[in-house]
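Labels A, B, C and D are assigned to the chains in the order they are written; within every chain, residues are numbered from 1.
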């Protein structure tokens, strides 16, 4: 399993010269993330946000020690960018890009798995170790160092709940956005396993939404005893209409599969405290810890 | 993006998938002419982006060109699920020995393509899965090697085919898989796949393309809007044309959020406070002031919208941009519908300052904002 | 490393219903090879030479325990046949077929390597454990159980030298044809490593030919002490003309690379006894053992 | 199979590889006409399947259609390395900033495709490798992932390109690799690859196709025989037409063997016994009596053949078939040239019996057989 990130993690930003890449490189650096290099083919030799830019990761590695990569390149080029990071043995590889064809996601996730590398995303807000380092686009100010781990398929809802957790006086350890696409690198269960062994995490907020059955499988895993720390959850989409995609490609109720009620029921049966509103999750965590 | 049967079959032919002879027509005369040239009995099928056309009477048979003309006339006069029939597919009637099901789709849990095949064609595969799951062959494809000939042989053989028929079915599977991958299909399905005396024919065809992959299929990208017909409401179609992710609902509170999860939660919170959302508009990530303005105008212009609730958590989206967009939109429209804004995150202070300067109040709590939006819409909260 | 074969090795024949497949299945069975199943797509349910035929290896494995595969399918279908065997974890996979595109060989060899599986060939006479089992097309009568291992790029020259070894009163242990194509699964060095650890092999006959530098690399390996048992060699093609392909796709002198003299010199410098004529190899072995 | 420059460039264009504008012509008039329509100075290059045309005077420049006509006339009158010039390639002259080398070939030791690139174009890559090896970028392609864009970027960047030129060179590399793989090239090479002001152009083109892969390239399979011109002798061409693997040598003993190694060793053994082989004919594996008969006739018909040495070790090839083939061929030809046969292996007894019945003696030892063949040819053994 990946180490995820901490204050010492050395990061390369792929797509560092694009507007999103530049903007978030600046914010990540402000947060304390060690961004040692950037990659944009055709921009080698330049600088972006004070970070040296290379044409390839290979050349970046000739000049820097790099642990992980965060990808901001446009969707049509994201598969190659991710394969480049995987080939370079970077771990985890955080794919922020939205709109990647699902066939490309299948390929990149399989390629990473073959090498034992963790893909965060695609279409993820990224991963943050509160107070140390962030690889992602989450607003820093809602996070505060603490002992709650967060796993979320959604981005902004993730920040919402993080801010509520901070507001009630708790804080976060490692927080990961799984990504809103139908096919992503990480499942809730992968993260639960990781949090189980993470000494800095004492409770977990699980944020889900309609579509698929990842939450149901997580509930089953918890029910069967795979995860022993307290969990509070929120599931978005109770007011959603079947057959309509709710923003995320993955957020769609198909037939009887993927409803909020099915997920909420499964989690409750597994002993998870499910909040009706996002704000309730923080209160539940306060109660549980 | 869902293609119509006749469009899907064009791709099937490109990929060498055997299909009965057929032609798309839009008039009874053309239907008659085609049957004349074909010289065979035909089946005539309405071309609509909705299922269940058989039960709705949208499929007729004809042995002669006169019969075809008459059938086409009747079908072209029909309306099925609120959609007017404008296109027909006229296809030779084939001597079906057995109806098979064959599909390729994506399994999101396993993160793989899966080939589904069943000897029980003609009915919905979900129905077969529920009644006789043992009659479905599921083959999960390794993404790094793809579906090789021996995998297709295995599927064909599991379905009970031997000898020449095994090889023919295997080749069919290989071609459908190739089409699925090369066309970026989320789903492609042949139901029924007709087993005839000497081989197989795609009697029907379903092909749904991954919208995210349309940059690889420019010819489809241009037709994307058309393809939403039947799937989306009129206003949803308009929103698509303006590149907005908009879902129409039946309440009176306009909802704009950024991110699917947050927008959904906003919807849920309005529901919990007794209100009803008029829509779901997800700005997505990194919206510009122009885009936000466009979204706000789109929702405010809707007569049903009595109040607007904008809920933005700044990450890749900036609160200052959000504020600029809201202000510009309101000024442009000149409408004074109540707006409740709740924002937090990237450039939060700047955004709040802009709103304050323009007399739009912001609330810090999502729940309070939801409550207020419901109240302003005249709801029962 | 593969176990290669012995009397207990259970073999599937891919392409068992073709004329070569049938002919050699009969001869292999006569020799004692345990052929448990055959595969020819479209012929499942039949029998060929008393062996049950299946459409796929998968189905063959549902009915039999299988260790290894030998492939006789036509060149255009050989890549898939080999990938099927590799996917089924058969080891080694012996590819008899001649005329496989080199790009296909590259792919199948790489796929096998990724799983740690040994490919013998393509375009090989196969492998034989004298007196026990043969997976190949070599004439059985020239072999006799003994202690000389043979490694050869050529087919018929391999039989020639095997027969000479038998004639002088010696015998063979395991004998492997590497294959006459430019890209094959096994190199001399792979086999030298294997023979080094094989208790039944006391000396090795190395049979080479013009083209490439596999023999030179083997010589270097022996010289550097990688192989400690006695080696006698024959290199075909002293009378060959540069730039002309001598039958094998791989047997061509390009520029100054791949001449018989270069190979003979390298081997002699490594202490290998190189025979001028095929018959001399057997005499050298007699002297060395 | 080696393609001519103009044929290779047709494929280059199909794969989107930028090449100067050009046209193949066979008359001075057509050369003039093309230059007229082009309206630019040109280079005119003979199209022959041999190297060194530049040094042999096979390349001329022309600024006008008149000059082109004259140059073409001269070139079409030439003979280079015994080959008459029949085709010319007329191509626009480009403003070369730098001459680059780019090639894709197969590394047999590493069992991979390798991309070779060098800033030192225009000379043989072997020469660059010998003199300034540091100026060659070698990139070995993982067969399971292929050459991805970032690999090509790496190669371009290692060659010193930056910015737009880096991306253009990278795209060039990707396209040439794609061509190499999809066309089953044993070797494809651009030397020189012209760096011009705003990009790159393939000023020359070499493309050798793997003969074993021609089943995937039917259009080339038909032209296979033509492509041997210049590479093979006339008799070797005849042999190819009869599907025989035949190499012409300059001695007087016909050599037929089965398997490359054994046939080569047979050649070597004749040489050691003081004889000289007239040819090398490898029957390959599994020859039928007909094929063997064809081979025997082909060699015996050659006037230079004074004796024939057939050396067969039966594996996939059967000794009885060999004997039948020899007997049939000899009867058919009615020639009484001495034949020495040495056979061993599959169906050995049957084969020997057939030969004995037809008064052809067989020897068991290859060396004795070689000695006898040399003696029968009247050699000095």
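The criterion applied here is as follows: a contact is a pair of C-beta atoms (placed from the backbone, for glycine too) under 8 Å apart; a residue touches a chain by one contact, two chains touch by 3 or more.
From a predicted model like this one, the values you see are computed outputs, not experimental measurements.
K.L.:
Taking mean CA positions as centres, which chain lies farthest from chain A?
P.N.:
Using the mean of the C-alpha atoms as each chain's centre, the farthest one from chain A is D.
K.L.:
What whole-Å value do you get for the distance between chain A and chain C if each is reduced to the mean of its CA atoms?
P.N.:
Result: the chain centres lie 51 Å from each other.
K.L.:
From the C-alpha centre of chain A to that of chain D, how far is it in Å?
P.N.:
55
K.L.:
Mark out which residues of chain C touch at least two other chains, giving numbers and ranges.
P.N.:
If we look for residues of chain C contacting two or more partner chains, we find 111.
K.L.:
Among the residues of chain B, which ones contact at least 2 other chains?
P.N.:
Residue numbers touching two or more other chains: 144.
K.L.:
Select the category (line, ring, star, complete, other) that matches the graph of chains linked by touching.
P.N.:
The chain contacts form a single closed ring, each chain touching exactly two others.
K.L.:
Going by the touch definition at the top, which pairs of chains touch each other?
P.N.:
Every pair of chains meeting the touch criterion: A-B, A-D, B-C, C-D.
K.L.:
So in the complex, which bits of chain A are touching chain D?
P.N.:
Touch residues, chain A against chain D: 41-45, 55-59, 77, 80-81, 83-84, 87, 111.
K.L.:
Could you list, by residue number, the parts of chain D that touch chain C in their complex?
P.N.:
Touching chain C: residues 106, 108-109, 111-113, 126, 142-144, 181, 184, 186, 210-213, 215-216, 245, 247, 249, 257-265, 267-272, 277, 280, 282, 284-286, 312-317, 344-346, 348, 365-367 of chain D.
K.L.:
Using the touch definition up top, name the residues of chain D that touch chain A in the complex.
P.N.:
Going through chain D, the ones touching chain A are 145, 148-150, 153-154, 156-157, 162-164, 166-167, 170.
K.L.:
Would you tell me which residues of chain A are touching chain B in their complex?
P.N.:
Touch list, chain A to chain B: 20, 23-24, 27, 75-76, 96, 98-107, 109-111, 114, 125, 136-139, 141-142, 152-160, 163, 180, 182-183, 187, 207, 209-210, 212-214, 217, 234, 236-241, 244-251, 255, 260, 276-279.
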